[in-house]
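All chains are identified by letter, namely A, B, C and D, in their written order; residue positions are counted from 1 within each chain.
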Amino acid sequence: MEITAIYYLVPALVMFCCGVYGFITRKNMIAMLISLELMLNAVDINFVVFNRYLYPEQMEGMFFTLFAIAIAAAETALAIAIIINIFRAAKNIDVRSLNEMKF
Amino acid sequence: MFSNILIYFVVVPVIMLAGLGFCRNIKQIRAVAVTGSVALLGLSAYVLAEYLAIRATGNTEPMLFTGSWSWFEPLHINLAVGVDGISIAMLILSSIIVFAGSFASWTIQQPKEFFLWLILLSTGVFGFFISVDLFTMFMFYEVALIPMYLLIGVWGSGRKNYSAMKLTLMLMGGSAFLMLGLIGIYYHSAPEGGQLTWNILEIAKYDAIPHGWQQFLFPMTFVGFGVLGAMFPFHTWSPDGHASAPTAVSMLHAGVLMKLGGYGCFRVAIYLMPYAAKELSFIFLILTGISVVYGAFCACVKTDLKYINAYSSVSHCGLVLFAILMLNSTAMTGAIMQMLSHGLMTALFFALIGMIYGRTHTRDITQMGGMMQIMPYLSVCYVIAGMASLGLPGLSGFVAEMTIFVGSFKAGMAEYLAGAGSLKLVFTIIACCSIVITAVYILRVVGKLLFGPVYDDHHRTLTDATWWERFSTVTLILCVAAIGCFPNFFNNLINTTFTPEIFRVLGM
Amino acid sequence: MESVGSIILYFIVALSMIVFSVMAVTTRKILRAATYLLFTLFAAAVVYFMLDYEFLGAVQIAVYAGGIVVLFVFAILLTSKPGDNTERLTSKSRFLGGLAAVATLALAGYALVSRCSMAFASKPVMEAPDMQSVGEALLGSGHGEYLLPFEAVSVLLLACIIGGVVVARKR
Amino acid sequence: MDVTIPILILAIPLFMFVFLGLTGMKMSHKVAGILGTCGMGTVLVLAYYTAFQYFFSGADIFINGAGERLQYLVFDQTWLQFTENLVIKLGFLLDPISAMMLVVITTISFMVHLYSMGYMRDHHGVYEHGFQRFYAFLSLFSFSMLGLVVAPNIFQMYIFWELVGASSYLLIGFYYTKPSAVSASKKAFIVTRFADLGFLIGILTLSWYTGTFNFTELTSIPVEGMAGVSQVNIGTAEYVRGIFANSAAPTFMGASVLTWALVLIFMGGMGKSAMMPLHIWLPDAMEGPTPVSALIHAATMVVAGVYLVARLFPLYLMEEAALDIIVVVGAVTALYAAMVACTQLDIKRVLAFSTISQIAFMMVSLGVARPEFHHGLGYMASMFHLFTHAMFKALLFLCAGALIHAIGSNNYTEMHGLRKHMPITHVAFLIGCLAIAGIIPFAGFFSKDEILTACFGHSIFWYIWMSAVAGLTAFYMFRLYYLIFWWKEHKTPEGHHAPHDQPWTMTLPLVILSVVSCVAGFVPFGNLVTWNGHPMFESVDFFTNLKALDWSVASISLLVALAAIGLATVMYRKENALPSKMRNALPALWTWCFHRFYFDELYMFITHRIIFGCISRPLAWFDRHVIDGTMDAFATITNKASEVIKPLQSGQIQMYVWYYLVGALLLGGITALCVI
């Protein structure tokens, strides 16, 4: 049995879909953030897989993933800072209750 | 640039605006307003005299005092000015009404802001009439429209927010069509490979707009300006807007701003696209012909003075557009005379209505009566205005209407004899019927409002006109009578403008 | 042809990736969700190793598993008491969300399987990129080199640090 | 001829109007009255001088070698130039009818000015409120009427036509606090306005074809450079004939365009001259002060329609159909008005209907005039009757004014038996009645006899018809006379003075007009006013008219008149039951006559129910609800739509993801389906 690209892509796709499911159903902001990380990772895997299988002599996919990881880190840090701040203000982190700034 | 006299029609209002900034009390504001409007009046009189003098030397250029200064080169937008007899007539009308309007708003609340917007409005109006560049024309048009919203919304009465919004939105809707039309004209302004231009004179000279495009652009521009000219069925902003507007704004709006519509229809739609005007005029003839009788009939049953007058304006302005569409120099002359006449007398009407309303606090004619015994001066003025409106000889309405009817009848007969149908003839006769209906609603108002016993005893204590009100009304009455008694002066001024150019294309 | 060991490893990794990601989004205990995420991230790191990108796998473990998940855990502990359950999802939202996820899966899977011949490419032989080449690519400014993004990311991270401090600072 | 006097004739009344209108309030009533009267007196002198010059000076600009009277254009000033040919000019045209009208208008107007000095004050001599205004309006009216009759072109006529309408409006509504006066003035204006619509369209049609407004060109021979030419023969209309001969004149609904134009112009005349069915305004116009009724609604303005037809008579001759219409309208109106006059209670209304009937006589006379018969006798008769009628009808109205002033009511049931109390008025009224009844030698006899002769020459049917109407005229006038002055002894209500003759300002005009009514019939009109200016008689003396009478016609009409007077004497001289018996014998006819054949109700129905109720109100509703509703609907739809889509922008990121996902899936799905 040969492990072709699809063997990696399908689990990544499932992971992505889990991320989608989580993002649109969960109301807890941290849970949503976790779902977001899942999607991000799924995409990262795709980059790497395509880089490895199609253009092994280049490293664009890898570097993209590298930067994506860095940015994900930054984003998470900031998001969590915001979440904590919201928690202080609203005493919960349910997205539905965050309508103070609406309209 | 400042050597051109016409520029000062825009400069003077701008100076007035600046002067207004330094005013500290109402007296200074009045002084600025009156000085400025006198200056404008003098300026238009001077331009008229100069114009006549130059014409007397045999100059047959389509426009005089022309000048053009580049404003935005990549799109060939220029600040181009120039006047002919029609523009001068309109400039005189505007300056008279601005003058009278200043006196009519002598005791307005928040005078500084009010005059600020009023003067900005007149800047737009004057700019519009002196422009010969489609783009600057459009710009000034918008400048004239926008202050209206604030003037009605802030200083108005009744459902002022609704009316202001309605008026602004409908006119803006019209200018959307207009913009489309103007851009279309611009892109076909020059023959293949030529330099595109916004300049009306050049466009008319090239006459390069393809016929197919004309048939699209003509309705666009005509409807665009027609909305402001209260063409059926786009007139409904007029009753509400006028009913809510403060006196001076009603005067200026009905007196001058609605003339922008007629002027634009002539200057842009017909002047630049005569072919389509000939082909498509029947549609608009029907609409404007309907306006004429429709407005008059509606005015017959209204009880609010301003509504009555607004519908009467629909009727009279309909006659303006109607006559323009006759594509015949007599009728067109009549149309411009009607613009002058209607502008003056409707301003007079609105001034009087404002003065009466300011005293009785009602405009419902069923709530008033016998004003002749209480305020004889205002009542007599109202009768005179009414007589002008129903076309009494010796006042302006008569000459304008007669010129229109003679011209339209001529056009209609020519069409009928040529076997091209009797549409024009039929609608001319329908339009003639308006003189009877006008008499009905004018006399109905006069009978109910001024004559008869005093309806409300509280009204007995009311006072007659103050000196500034007298001044404002006398100015307008004198002008109405001047046109009515010496029509040939205005007739010649306007008539010489209808150069054979437009009629050549029409084959007339 | 892969070695049996690597096939077995693959299946373990793929299975854990799928299972843990499903569990991460379905569990009601938020701390467990973070833990499952951690496992998923590990699985992804293993994938990177399997594809010979050791540096990337290391970064994944260090930054994600070591950094981000720790941040998550801190945040969770700060915002909820232990034993807190997140609210129960309504069956409607669960159904709709599941439907959307499955639809996405179906559509993308269909596209992948039937329309994407690249997906069936076999793995070519490749030298695992050594640290030097990675470093040079990261800090070079020529073609296929990433100094500018690198600097951009560094500024971003700085901004992020400041932002995080400012936002989370107690007023 | 010097233009100063003609200009002054027009300018003095205009100046008086402006002067009294602007400064009247500042001066005393008496001064205003005297000023107005003096102004009118001056105009009277000037107009008499002008007319005398025209008729009797024999200058070759007024009369040519063959003794034919000519049209003379005194001055002509461009007022408004439509096109090169179509120009409205203001001018002064002298010809037989305009000179005659100058005399009529200034005479009556002066009488009325004088009379009003006495009439417009109460029994204590206090002037009425608005006295100055009254004189201003009278001056305006005189100006307009003079401008109308001297108009050298049809458009100037139209202009002044409108102005007389307006001054009539102002004068009818003089008592503006009285609702009935206000509505009467409104009615008068609107009805005549409606007629003027026809007039206007007629003018437009006619002028479009002929390319001119000028009467000289329309009705006379074309002459190069009209303004400078002094000798213009009247009545040939060759220019118009030429135009219609050269072009194949199109027809419209079976009649030629010229016929249409003439009928439409006649419609204007019908309105002003109160021909049926446009007569309804005249009886109501009696709401105005009585001197006004005498001046405007009896003597001058209401005959403008006759004057108009007479002006364009050469054109009417070209289209006999139009003349036939005039005859029918006139004859029907004459009979109708006479019948109604027999039943009215209000003295002024009887006189108003009598006026309508007499104007109809003039119209019929014009309609039956043909050059073939006695050199267009009908035309001369019509003008003659216009002249005499103006005198005796003004007399009657002024008498009625004196009576009303004395009694304080219009209703003659409150008068009865006044002959002893007011002898001068009595005699004057009797003279007026005799004149209108057509008793020799009073003025009406001659003119009416000429009319009947003309009718006789045209058609025996109309002759009998008009003779019957003449009999009816004698009957109702004497009915009125007897009911006012005889019937029974006068009873003065408690607390009132006994009625007596009025001050000299009011009596003097009565005396003068009585004398005129006695002798006016002897004026040799046939030599002064004929349709083509050609004199009818070789030589004239005082008895020319008497000698020229066709006694076969005259004796019959005299007999009819005397019989009618006799009947009236039997029925009304003493209080008796005959009138009520007669009323009961023909109840339906009496009711219809008394209610004026329900014309007012018909008009009320048409204007209020149909025009207001079925056109204006629905249109206003349509405007507010459909047109405006559509515009509002655009706004409402926009508002509603934004309300609907506003929640989409919820701020909930998960919703956004949903939208994105659904969109992306759809797009992906569609792509997938397409590429399968």
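Criterion: contacts are C-beta pairs under 8 Å (C-beta built on N, C-alpha and C of every residue); 3 or more make two chains touch, one makes a residue touch a chain.
Since the model is a prediction, treat every value here as computed from it, not as a measurement.
**Q** Steps needed, at minimum, to get from chain A to chain C via touching chains?
**A** Minimum number of steps from chain A to chain C: 1.
**Q** With contacts counted as defined, which of the two, B-D or A-D, has more C-beta pairs across the interface?
**A** Between the chain pairs B-D and A-D, B-D carries more contacts.
**Q** Counting only C-alpha atoms to place each centre, which chain is farthest from chain B?
**A** Of all chains, C has its centre farthest from that of chain B.
**Q** So, what's the distance in Å between the C-alpha centres of chain C and chain B?
**A** So the centre of chain B lies 71 Å away from the centre of chain C.
**Q** Quick one: chain B and chain D, Cα centre-to-centre, how many Å?
**A** Chain centres of chain B and chain D, defined by C-alpha means, are spaced 37 Å apart.
**Q** As a quick test, compute the distance in whole Å between the mean CA positions of chain A and chain D.
**A** 97
**Q** Go ahead and note the Å separation of the Cα centroids belonging to chain C and chain D.
**A** 104
**Q** Can you list every residue of chain B that touches 2 or more other chains, as numbers and ranges?
**A** Where chain B is concerned, no single residue meets two or more other chains.
**Q** Where in chain D do residues touch two or more other chains at once?
**A** 658, 661
**Q** Please output the residue numbers of chain A that touch at least 2 other chains, ranges allowed.
**A** Residues 20, 24.
**Q** Throw together a list of every chain pair that touches.
**A** Contact pairs between chains: A-C, A-D, B-D, C-D.
**Q** If we count contacts the way the header does, which residues on chain A are in touch with chain C in the complex?
**A** Per the stated touch rule, the residues are 1-22, 24-28, 30-31, 33-35, 37-38, 41, 44-45, 48-50, 52-54, 56-60, 62-63, 65-67, 69-78, 80-85, 87-88, 93-94.
**Q** Which of the residues in chain B end up touching chain D in this complex?
**A** Listed in rising order, the residues of chain B that touch chain D are 165-166, 169-170, 232-233, 235-237, 240, 294, 297-298, 300-302, 329-330, 370, 372-373, 387, 390-394, 398-399, 402-403, 405-407, 409-410, 413, 416-417, 429, 432-433, 435-436, 439-440, 443-444, 447, 450-453, 487-488, 491-492, 495.
**Q** Okay, in this complex, where on chain A does chain D touch?
**A** Touching chain D: residues 20, 23-24, 32, 95-96, 98-99, 101-103 of chain A.
**Q** In the complex, go through chain D and note every residue touching chain C.
**A** Listed in rising order, the residues of chain D that touch chain C are 658, 661-662, 665, 668-669, 672, 675.
**Q** Can you check the complex and tell me which residues of chain D touch chain B?
**A** 78-83, 86, 88, 155, 158-160, 162-163, 166, 169, 173, 176-179, 182-183, 185-186, 189-190, 193-194, 196-197, 200-201, 204-205, 207-208, 250, 611-612, 615-617, 619-620, 623, 627-628, 630-632, 635
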